[in-house]
Every structure is written in structure tokens, then in C-alpha cells.
Amino acid sequence: MDFSKINWTKAAITWGIPLVAVILVGFLPAYGSAYWVTRFSYFLMYIILAVAWTIFSGTTGYISLASAAFFGVGIYAAALLGDAMPLIFVVIIGGAASFVLALIFGAITLRLKGIYFAMFTFGLVLLFKELIYYYEINVEGLRGRFVVLQSNETIYYYLLGIFVVTMIVAYLIRRSKFGLALQSIGQNEEAAAHTGVNVTMVKILTFAVSAIFMGAAGVVMATKWTYVDPGVAFNLMISFTPVLMAIFGGMGNLYGPVIGAVLFTYIQEVLTTGDLAKYYMLIFGAVLIGAIVFMPNGLVGVIQKLVGLVRKWRKGGSVAQNADT
Amino acid sequence: MRILEGEGVTKYFGGLAAVSNVDFHVDQGEIFGLIGPNGAGKTTLFNLISGAFTPKSGVIKFKGEKISGLKPYKICRMGMARTFQEVKIFGNMPVFQNVLLGSLFGTPSGMASANAAKEATELLDFVGLSAVKAIPAGGLTLANQKRVEVARALATKPELLLLDEVMAGLNSTETAETMELVTSIRDRGVTVFMIEHVMRAIMGVCDRIMVLHHGEKIADGTPKEIATSKKVIEVYLGE
Amino acid sequence: MEQFLSIFIGGLLIGGIYSLVSMGLSLQYGVAKVLNIAHGEFLMIGAFITFVLQQHGVDPLLTVVIIGPLMFIVGYILYRTIFTTIRLKAANPGVFESNALLAAFGLYFIVQNIGRLIWGTTPVSYSYLPGTVSLGGALFNDSRLVAAAFAVAVGAAFYLYLARTRIGKAIRAAAQDPTTAGLMGVNINNTLALCFGFGAAMAGVAGALISICYPIYTTMGLGYTVIAIVVVTLGGLGSIPGSFIGGFILGVIGTAVTSWDAGLAVASYYVIFIILLLVRPKGLFGK
């Protein structure tokens, strides 16, 4: 390591801040109240969903609305298996089940154009809901199920764990040649295919990997909610909200969805309690449209633009100088 | 050795035959040209060869093996690369990454991370783009974007390179430079099959030329034969 | 026999409505390239406006005539503002389609919320043309026959419009190749917006017609959007006649499944959709 070449300021920001944040957040149950632990659990849940979503959809440009489907699979895994085995195994099974389902459905639809894929994933949530509802009522005679309860701390730490794994995997993918392939698919899929990238396999695999974390998160949240039925488990808002968060935060890098998720979970909380609750969908829709029309690169994109403008202004606007940056 | 050959290649779009019963071959080591009026089916033929489309009937063979019906990435890894008429680069990625993708994924021997970066650098040097390697490819001039495409294609270590109107939209200096580039690519041992409209260029560098019109082959031969062929002149002037 | 006729003819009757709804979506997606997930919400608004007016003594069939132009204007404005901006900013058509889809989801939330705020969530209905007709022993409400007839008439009229008029030609040109059409003098922004407007108009008219026969509720939209998507895929993307025929096919299938088990109707639509994507994504008449 050549220490003189390291940009210490940049390193401090890139690594230092997250490290401090993780430590603070990691020890939260020790110093924070149950209310805050629960609140942060929700932050973590949405961060996991938004980041997992971005791993696939943010890079390839294929909008997936199936997040709720995989999340719901995790919920039902917890409902069915939560009593029979330790939570860690249920989490693994929930993640694995989501992975397999994503592989299957990805293989069916990722060969087609992106718009078919988006519609299909949207339909998948509704299909799962209808099928499970039908099965539960007609075969099991149940409307909903009870899930084994876990303590606030357990839920929090499991989510934290899933969050850390999700971030690590997202980071590794992004930095690897696999990540380069994903980007190339998003920019120009035909060219990527002609450059030797097995685009179908890359898409399917990435889609399936992103589903793992959604399923895992579902398992844990089920133990928080303790009563689940198909409507709760396969809730379209769980598909849309991470999309909005990722768009709002910016899909170009890892932090965008995290920022978007934190901001939006907070906003969502404010909006769903109190007088504005009945306008929630309206505001959500308006923000979604606003984000797409005015901030297609998200907050991070806006910040980057601002930083770029500031840089240009500082350098006196000389084109030749800027070319070397 | 016939590095590429096609027999009876046909492709329909709806009721229209875009390519109709075309026979052709490309010899290893040559620069082979493909010309024809707009809509003649040239790019469609390239799409059939590179695997973007599958022919309705007919066979395409690369190095003696049938490739019609294979997926593009497989054909690329077998040793064939191409550029596109509408330059298909990865606009938001730095130039270097554009080329690196080729070295990582498209080579016959599979992915070799260690050397890939070195080779990408060398190729950027070969096409003269080292200075801009960190800039997002979308920000380059058209001529330079075409070079990125060429470098990316070369990064996959092809034995055959398909160039689709690589000179379109270039001024005369850029065209001359590109003609030189094409020749030096051949000198590196890569067979070149190029579609072109710029007559001066194609007559200047090609060893043999094929002419398509309304999806059918109407002539093939040396540049001199093509330039003096009555049929060809009729097709180009009579339109 | 009666049961077969009941299903078959009943399926055709609802199929007429499906056809209209689907043609609207086909225009919006096939030409304007917006997979308008909010399509059903315009249908819902059309249905409720008809209901409200009916409560004030306005004949629903009159509203059918009014609602078309009204929804057209709304759709046109929405496209010229929101979707045109997205289109001009998009790096390539694929990006436009996905952004437009997301914006349509935004519209879905907004319009549905507005509906819920004004009219709540309980279903409402009114009685119109209460008589019934017997066809081969099976009974059908007059209202359903009238609604289906209107739907088919509107659909046919629009098809003629597309085939015979200059604007219709412009639309067909834009559907094939927007860039070239633009170069040939077609005002693309206007034409695409017209398509979107027409699509919204059809949704509104379909909603009005539905309110004549069935109870309506503010969350009814999504179900019809889903049906429209399946029909458009079945009929073939970009084919208006395909959507027309597909509507009837799905109407019959849906009625048949519902008579067997009402809970599986929606699931059956998805299964059909999945099978289509697997076997023949371009549908019956798609290019």
C-alpha cells in the first residue's frame, strides 16, 4: 500500500462515515428505547428492499415490481416454519425459496423486452396473493396465520445482519466484472450480448440474488407483525415503495437507495399517521411522478450535478482544465 | 481458408424478404466489402451472421462450424466481433470500461482478469484513444465513439471483424484515418468484413466486394470488377 | 345448453367492454409507448361521473357521449405535460418506457386516491334498463346488451377513423416508426398525445357503460387494467383489431372460469398471460 497516494479525506468519507454509522446503529438496542429500535427496524427493512432492488433493476434497467412477491414468500416461510426451527434457518430457507422462484420466473420473462418483464413482475405479486388466498381458504380453511413472536432486539439484529450482507454483496457485485456486465446490459443490451456477455444468464442470476434479501427480510418482518394473511404479505406498496426510494435517492451508486430509503421511511411515517393519512397515496403518486420527471438520477444525481457545477465554477470554467479531472 | 460462409441465407420480416437466398464467403486474411443501396439488406445480413437474428432458411458457417441460430455471445466468444451502424457504445461508462468489457467477456479463452486491463489499455493505444480513457464514452465525438466500438470489438480477440458503416458521418480526414485503421487491423491478423457506403474507402481497401440489392446478391468480385459491372452501375445510378 | 349459452353469450357481452378498454390501452401502449397502469382508474372515474350524473337525473347513455371527449382532454393534457417531458428527457426508448410506466403508477395512486376521497370505498349502483331478454333460453339483462352494443359501436367507429382519416394515418405512421413519421411532417408530440387521449376516452366510455350494468367501486380500476394488459398481449402488441378480438376471447374465458370458481378468475388471467409470454409473446396478430 502506497500511503502517500491515498486520498485520506475521500477515504474518511467513503469508509469512515459508514463505519461510524454502523457502530452507532449496531449498538442501538443498548442505549435506545424500544420505540427507536422499532423505528430503525423499519428503516433497515426498507433499506434492504431498496438496495436489493437496485442491485438488479438499478443496473440493468429492468424495472422489477416483484419485491412484494419475494418479501411475501419470506413472510409465509416464517408463518409455516417459524415454530419448527430456529429463526436463522427460516431466514435462510425464506431467502433460498425466493431465490429459486426468482430463477424460475426470471428465466420465463427475462428473455423478453423490459416492459413485459415489469408487467409480469407486477402481476406476480397479485398472482401469489390470489393463489395463496385461494389455497388458504379452500384447502387450509384459514384466512391468516400467526407467526411465532421474536423480541424487538432479535428482529433488529437480524435485520441489521441482513442489511450488512446485502450491502456487502451489492458492493462486491458492483466492483466485480459481473457488475460491469450488469451496467453494460443497462446501457445497451444488444452490444453487451455481442461483446460476449451471456446477458440472459446474468440477468436471471442477478434477479435471483436480489430476491434472496427480499425474502430474508420478509421472514424477519413476519415475526414482528405476528399475524399475516395474503393481503398483508403480498402488498403492492412493498413493491412500489423501494422503487420510489431508489429513484428518489439515485440508482447510480450504493448510497442512493440507502438515502432514499431513510428519507422516505421517515416521510411515510409522518404521512401515514395523522391528518394526512388519507392523502398518502396521492402524495406518494405525486412524488413518484415528480421524481421521474424532475430527478431521474435521484437526489444523488442532483447532488452530483451541484458538485460538478461547483467544481466548474471554482476552476474558472476552463474546458481544457476540466478535461483532466 | 473460408473463415465465413453462407449458403442460401434468407430472412423475412412480415411478408418482405429482407435477405433472399444469399450465398457468400469470406477468405481468411482478406478485407471483404459489402455494398448496396439503402434497404438492400446489408445490416440484416450482418445481424444474421452475428446471431442477432436467426435465418428463416439457409446456413451460416464460421470456421467450418454452423453458427446460424447461436446466441450472439457464443458467436462472439468463437472469435467474431462486430460494430454497429448506430454506434452502440456504453455511453455512461468510461471509455476504458467499454473496452475492458470485451477483454473480460468476449475472448475465446474465457475471462482473464489479470491481463484484461493490460490488453484494454494496449487496444486503446492502438486506436488512439488513450488520452480519453476515463471519460464517459457518450461524451466523445462520433468518430471517437466509433473507435471505442472498434477497440471493444478487438478486445474480444476476434479472428473476424464485422464493421457496419464504420465510416458513416466522418469527414475526409477521419475517413482516411479509418481506412488506415482497417488495414492495420487486417495486418494484425484479423479478417475484416465491412459494409460501407463511402465508395472511395471500400474500393480502396477491399480485396473483394459483394453487392446486395433488394435482399439479393447481384454481384461479387474484385473492386475493379465491381466498379465496371453494368448491373452494379445500373443499380446505383438507376435508383 | 342454457348454461353454455349463458357463459358464451355472457362472455361476449362483457367481452365487448373488454375490447373497448383494451383498444384504449393498445393505443396508449402500442403507439404512445406508455403502459398506462392507470388506465383502469380513468375507467373508474368515467363510471363514477356517470353514476353521479344519473343520480341528478342525467341519462347514463347521454353521459357516455359526454365522458368520451372529457376524458380525451384529460388524457391529452396528461400526455403533453408529464409523458412528453419524460420522453424528451429519456436516453433511449427503453428508458422512456420504464419511466413512463412508473409515472403511470404515480397516476394510478393519485387518481385512485382522489376517487376514494370523493366516493369512499363501498360499491354503488343504479338501475337502468331493468328488463331482460331471453336468448336461446338463457336470460340476459337489457342493460348488458345495450352496453355491449355501444362498446362495439365505439370500437368500430374508432377503427374506421384510424383507417380513413388523415389523423388516423398519422397515428398508424407514428405507431410504426415515430422518427420517420416525424420527418415526414407528422407532429409527433401531438399525435402521440392524441393516442393517449383517445385511450383515456375509451376507458371513460367503458366505465360509463359498465356502470349501467354492474355495481361500481373506487378500487375497480386495476382489475380492468390487468384484463386490458392480458388482452393486448393476447391480441398482439400494436394491433388494434387484435385487441378487439382478444377482448371477446378473454370475456368468454373469464366468464367460464368465474362460473366454475369466482375466486380464480384473476389468477386465470395471469396464467394466460404467463403462457402467452412463454409461447407466443407477440400474440395472435402482433408484429
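We just call them A, B and C in the order they show up, numbering each chain from 1.
Keep this in mind: contacts are C-beta pairs under 8 Å (C-beta built on N, C-alpha and C of every residue); 3 or more make two chains touch, one makes a residue touch a chain.
Given the structure is predicted, the values throughout are model-derived calculations rather than measurements.
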- Would you mind checking the shortest number of contact hops between chain A and chain C? 1
- Where centres are the averaged C-alpha coordinates, which chain has the largest centre distance to chain A? B
- Can you name the chain whose C-alpha mean lies closest to the mean of all the C-alpha atoms? A
- Message: I'd like the Å distance between the centres of chain A and chain C, where a centre is the mean of that chain's Cα atoms.
- Response: 33
- Message: Roughly how far is chain A from chain B, centre to centre by C-alpha average, rounded to an integer in Å?
- Response: 41
- Whole-Å distance, chain B centre to chain C centre, using C-alpha means? 45
- Task: Would you pick out the residues of chain B that each touch at least 2 other chains?
- Result: 91
- How about chain C: which of its residues touch chain A in the complex? 29, 35, 37, 82, 85-86, 89, 94-95, 97-99, 101-103, 105-114, 116-117, 226, 229, 233, 263-264, 266-267, 270-271, 273-274, 277-278, 281
- Please give the residue numbers of chain A that touch chain C in the complex, ascending. 61-63, 108-109, 112-116, 118-120, 122-124, 126-127, 130-131, 133-134, 137-138, 240, 243, 247, 278-282, 284-289, 292-293, 296
- chain A to chain B touching residues, read off their complex: 177, 180-181, 183-184, 187-188, 190-200, 323
- Which of the residues in chain B come into contact with chain A in the complex? 50-52, 71-73, 76-77, 81-82, 84, 88-93, 97, 100-102, 104-107, 111, 113, 135, 152-153, 155-156
